[in-house]
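The following pair of complexes shares a single chain, subunit A, combined with subunit B in the former and subunit C in the latter.
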Partner chain A sequence: MKEQLQKDFNNSIKNLSLSQKDIEIKKFCLDNFIDKGFPNRKEEDWKFSDLSQIIKNNIGELSFYNDQASTNKVDTSVFVDGLEHNKIVFINGRIEKIDFDYEKKDQIEIIDQSETINEFRNSNSLSDLNNAFTNKCFKILVKKGYQLIKPLIIYHTTNSKIWSKNINLRLNFELDKDSSLRLIDLFNDTSEKNFLNIFYNFELKENAVLKNYKVDKFENKNIKYSFNNIDQDKNSISETFILSSGSNFSKNEINCNLNGIYASAFVNGIFSLNSDKHHEIRSIINHLNENTKSYQLIKSVLDESSKAVYQGKIFVNSDAQKTDGYQLSKAILLNKESEFNAKPELEIYADDVKCSHGSASGSLNEDSIFYLMSRGLSYQQSRELLINGFLLDVVEKITDSEIKNLIKNMIGIKE
Partner chain B sequence: MLKINNLNATIDNKSILNGLYLDINPGEVHAIMGPNGSGKSTLSNILSGKKGYEVSGEVLFEEKDLFELETEERAHKGIFLAFQYPLEIPGVNTNIFLKTSLNAVRKARGEKELDAIEFLKLVKEKSKELKFDEEKLNRQLNVGFSGGEKKKNEILQMSLLAPKLSILDETDSGLDIDALKIVADGVNTLRNKNNSFLIITHYQRLLDYIKPDFVHVLMNGKIVKSGGPDLALELEKKGYENFN
Partner chain C sequence: MDNRQKEINNLKDYKYGFSTDIENIQAPKGLNEDVIKFISNIKKEPQWMLEFRLKAFERFKILKEPDWQKPKFPKIDYQDLYYYSAPKSMKDKPKSLNELDPKLLETYKKLGIPLQEQARLNGIAVDAVFDSVSVATTFKDELTKQGIIFCPISEAIQNHPQLVKKYLGSVIPTSDHFFATLNSAVFTDGSFVYIPEGVRCPMELSTYFRINASNTGQFERTLIIADKGSYVSYLEGCTAPMRDENQLHAANVELIALDDAEIKYSTVQNWYPGDKDGKGGIYNFVTKRGLCKGKNSKISWTQVETGSAITWKYPSCILKGDNSVGEFYSIAITNNHQKADTGTKMIHLGKNTKSKIISKGISAGSSDMTYRGLVDISSKAKNSTNYTQCDSLLMGNKCGAHTVPYIKNKNSESNIAHEATTSKISEEQLHYCQQRGLNPEEAVGLIVNGFCKEVLQQLPMEFAVEAQKLVGISLEGSVG
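Our next item is the complex of A and B:
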């Protein structure tokens, strides 16, 4: 892998006009990654999902160079119907379209940060990989007091032109004071066996509201990692909803820093998995100031030999009195081979806090099935109704009613 | 309509029914009374197709071998069990459940499925008859319902599905006298020369409101005595001990 990385890295920086210093930084990140490799089970955060093995078994050898010279044709058939929205379109990792047609032009700034390196770090080597290979990076700045009229949908589209490729993406968002953004990440893959490594950074100023809905619904054989850092000032709200279903492997990490008083974070998610899919959500909510609040609800329906992992950490530092932290995960295992792992962590250094966590897993209730069947429903209908009912309350947590309906239709959930 | 010949049932190697015989003809109301553990609920579970029992013997419903039918097929053919403990099903809207159920049964019977408007009209009508709070129809199925509301919901389902054979498994338990009357009215409205009822109960009380044609005493997994309505009164007076 080392030679491939070096060769692809040299190709990739050739096309960028970077200062010597920036190249050095990228090289440093590359060397870090070469040194550490993909995360593996020896790292605590990856003990349930050995990415190194998963890539080896599902993809084999990856290549890292992406020719960004030629444009891809945007297939408009993937666009969501019936919901007016702004768009950012990625095709095979290349930004093809940024369109804020519905918004006031002077209220949103799109800043090209491709040629200024600001390193993005998290605790694992994937940030190094991302820093080394990301060659286009934008920052979306929503100005003070502006609330986007329509949601923004980011289309992550891949097609069969890429194979055994690593794609690195990076986007930064800044929501200035009193602004708000509704964001949907929609994955649409017709490619196979690629590894997508996506880093988002969100900066929420006072009173800002971010609603981020991540929808990985369509069946595909790709492997995805998405890291989301959210820094929150006073009174800001972040709401994250994750539908984790389509990819072969997916790990979503939400790292939330509640820096300002009264900041709150909501992380809700659904795992709906079959075959031998393996998905994970890892959340870290850092309560760093007084009266901050977090709420997390994760539900899983796991069929065949699929596996879901939820690692949720609530950290409360000594200044964060009156913290309110809650997390709950529930799983239905439809098959003896399916597996659910939950690792809740509470780390609390303040004494006046309210924190709780819970986790439960089991099979579908046979008595409930019998009850429904005795009313004429088939086994399949009964099962669907029960699963639908089980998942409904997570979807109900979506606070935007337009998007809630869109997601309900997408997963076929009925009220 | 229903013919039970020498029915035996065991669960986890424990014998529950030991040679039970019962004939129910169209239009008849039969009451089965018996002490705790006599096999009453097992009988109703087996008739409606609950899994987990080892059974032998023969049960014919309209000349068809019942054991060859799945639970939902029995419902389609017109067997209905009002549960002793109706289940709470979170996340499942009562109205949607009722409509799915009714249309599944109608479809299997070759009748036209009802659209949302037709269904709502019907369910509102039936709810009114049973004094079932309409607001409950928009709630999750049985979740947070009182004992009486759950039982009324069972009778509402019964009246929507219009079964040929209704089995009421201790429907009277946990009901106050007003709810009991409403439940009994529901049964009596459905009662005609084609529909039959099997009423399982501990007490004679329900039978004051639903007059049975036959009363059977179930002890240790078989019927030890059968008679007319008077038998229930006799039981109430003497207790089950004397029949052992």
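Our next item is the complex of A and C:
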């Protein structure tokens, strides 16, 4: 893999006009990645999902260079109907379209940061990979007091042109004081066997509101890793919803720093898996100031030989008195081959806090099925009704009614 | 001053902190094959036992000290320790208690463990382990009548080699982790219990461990076998003198329950925790593992952990037999600079297996406490259930309380439920108690005892009273 990495790296920086210093930084990150390789189960955070093995078994050899010179045709059929929205379209990792038609132009700024390096760090080698190979990077700045009229949908589309490729994406968002953004990430892949490595950075100033909905619903054979870093100032709110279903392997990581007082974070997730899919959500909520609040709810329905992993951590700094932290994960195992692993973690250094977590996994309740069948439903209908209700609980947590309905329609959950 | 206050004052300092000035025989300092041969030789062990030790030592040489735990500690120099230390008077073992060194008897009397049988009224058979050797076992005759074997493990190796050979290392093999392997190589003494088929042990069996010599590691090994349909309740207590340096305690405890057998294992651990600034204290790195080998067997661990500078242990159950049950009840209290990383592992292999985990953690002062546990339901463990509850209480904002559970469910017919909460004693509760005339310390004691009640109830009577007091004492000075 080393030669391939080096070769592809040289190809990719050729097309960029970077200063010598920036190239050095990228080189340093590359060397770091070569040194560490893909994360494997020896690392605590990857204990349940050995990415190195998964890539080896599903993709084999990866290549890292993407020729971004030619444009791809935007396929408008993937666009969401019935909801007016702003768009960013990625096709095979290349930004093809940025469109804020519904908004006041002077209130949103799109800054091309491709020529400057802003290093992104998390605890694993994938951030190094991303730093080394990302070649287009935009920052979206929502100005003070502006609240986007329509939601923004980011379409992540890949097509069969790419094969065994690693795609690295990076987007930065800054929400200035009193601003708000509703953001939907929609994955639509017709490609196979690629590894997507996506890094988002959000900066929320005072009173800002971010609602991020990640929908990975369509069947595909890709492997995805997505990392969201959210820094929150005083009184800001972030809401993250993850629908984890379509890809072969997916790991969503949310790292949320509640820096300002009264900041709050909500993470809700659904795993709906079948065949031999393997998905993971890992959340880290860092309570760093007083009176901060976090709430997490993750529900999974696992069929066939699928496997879901939830690792959630609530960290409370010694300054973060009056923290309120809550975390609940529930799983239904429908098949004897399916597997659910959880590691709900609390790390607490302040005494005046209210923190709790719960985790439960098991089969569908036979008594409930019996009850419904005695009311005239078939076994299959009862099962569906129970699963539907189980998942609806999470969808109901979505605070934006427009998007809630959209997502309900997408996954076919009935009320 | 009323009685209670007096009692508290008596106990305020670590009351077991004295050391006994007694002549010792020690193995040469350091760890090598010669020392292992020395230990084996002095214990007059058969060849197979020496081979067991050497095999473990071979493996120990390639192992590295683990470093994933939360409480970090300075590197231990394993060559700077004495691996064998015994009172000189024990060289030719006394035949009866009357021949025992009076100094030893006095030590145990001071600890509240009178060894003279006539002094025992409440009928607990005690095996007392002083540094590396077992000094006395009481109530032997009565137990022998029922066919129960309760003796130091070194005696069992000589008198019941077939049993020891069959079961020693069957739950904690010589190829286990770093500290367990070290123990397999150099263990010195400990208790051996065998309960024959269908026998319900008529009294509580108890071992009392004491580290006396300085610079000595204590490596004891306990092996308890409950044959078909038998029952035994076993207690373990431990203390050590106050010393400035840290002392290592790495014990191995193996429990084996055959068909329909039940073992109840209770620990009140009160090793010297170090002084207020975190100097000295015991490193308590213990491997405890129970195997529910037979059908319908049950193993229950109860622990009250108040001592030690660092406690690092996970009493575990391997539920191999169908319908077997594993239980874990724990109270861990850390104060000043103490650190604890403790919890349990429940490994479900058989069908219809059940496990229950109740863990209560209390941290005060600048201490740090972690619950770390594993519940693993394998794909064959149909219809198994686990219930876990871990609650933590924080006192003051310099301490930490952490919960790290690992939950693995590979069977769709099994259910796992896990709950954890962290909070502090509410002002309302304190106010209410004080309004009723309790001073703040008493109020905290009362609330904490209520918090721990679920676990304290599991202890045998005599221990429960001691443990309840210990809970109060450990938190002295943490209020306000």
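Everything that follows uses one rule, which is that the second predicted complex is superposed on the first by the 415 of 415 C-alpha atoms of A that agree within 3 Å, B and C clash if a C-alpha of one lies under 4 Å from a C-alpha of the other, contacts with A are read in each partner's own complex, and residues count from 1 in each chain.
The rule we apply is simple: a contact is a pair of C-beta atoms (placed from the backbone, for glycine too) under 8 Å apart; a residue touches a chain by one contact, two chains touch by 3 or more.
Everything numeric in this text was worked out from a predicted model, so none of it was measured.
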item	value
Which superposed partner A:G389 touches (first subunit B, second subunit C, both, neither)	first
Partner touching more residues of subunit A, whether subunit B or subunit C	C
Which of subunit B and subunit C A:E339 touches, first, second, both or neither	second
First, second, both or neither for A:A360, with subunit B first and subunit C second	second
Touched partner set for A:S368, first subunit B, second subunit C, both or neither	first
Touching partner for A:E44 - first (subunit B), second (subunit C), both, neither	second
Partner chain in contact with A:L377 - subunit B first, subunit C second, else both or neither	first
Overlap of subunit C and subunit B interfaces on subunit A (superposed complexes)	none
Touching residues on subunit A, where the partner in the complex is subunit B	365-368, 370-379, 381, 385-386, 388-393, 414-415
Contact set on subunit C toward subunit A in their complex	68, 379, 392, 394-424
Complex contact set, residues of subunit A against subunit C	44, 318, 321, 331, 333-363
Touching residues on subunit B, where the partner in the complex is subunit A	48-51, 70-72, 74-76, 80-81, 83, 86-87, 89-93, 96-97, 100-102, 104-105, 108, 140, 157, 161
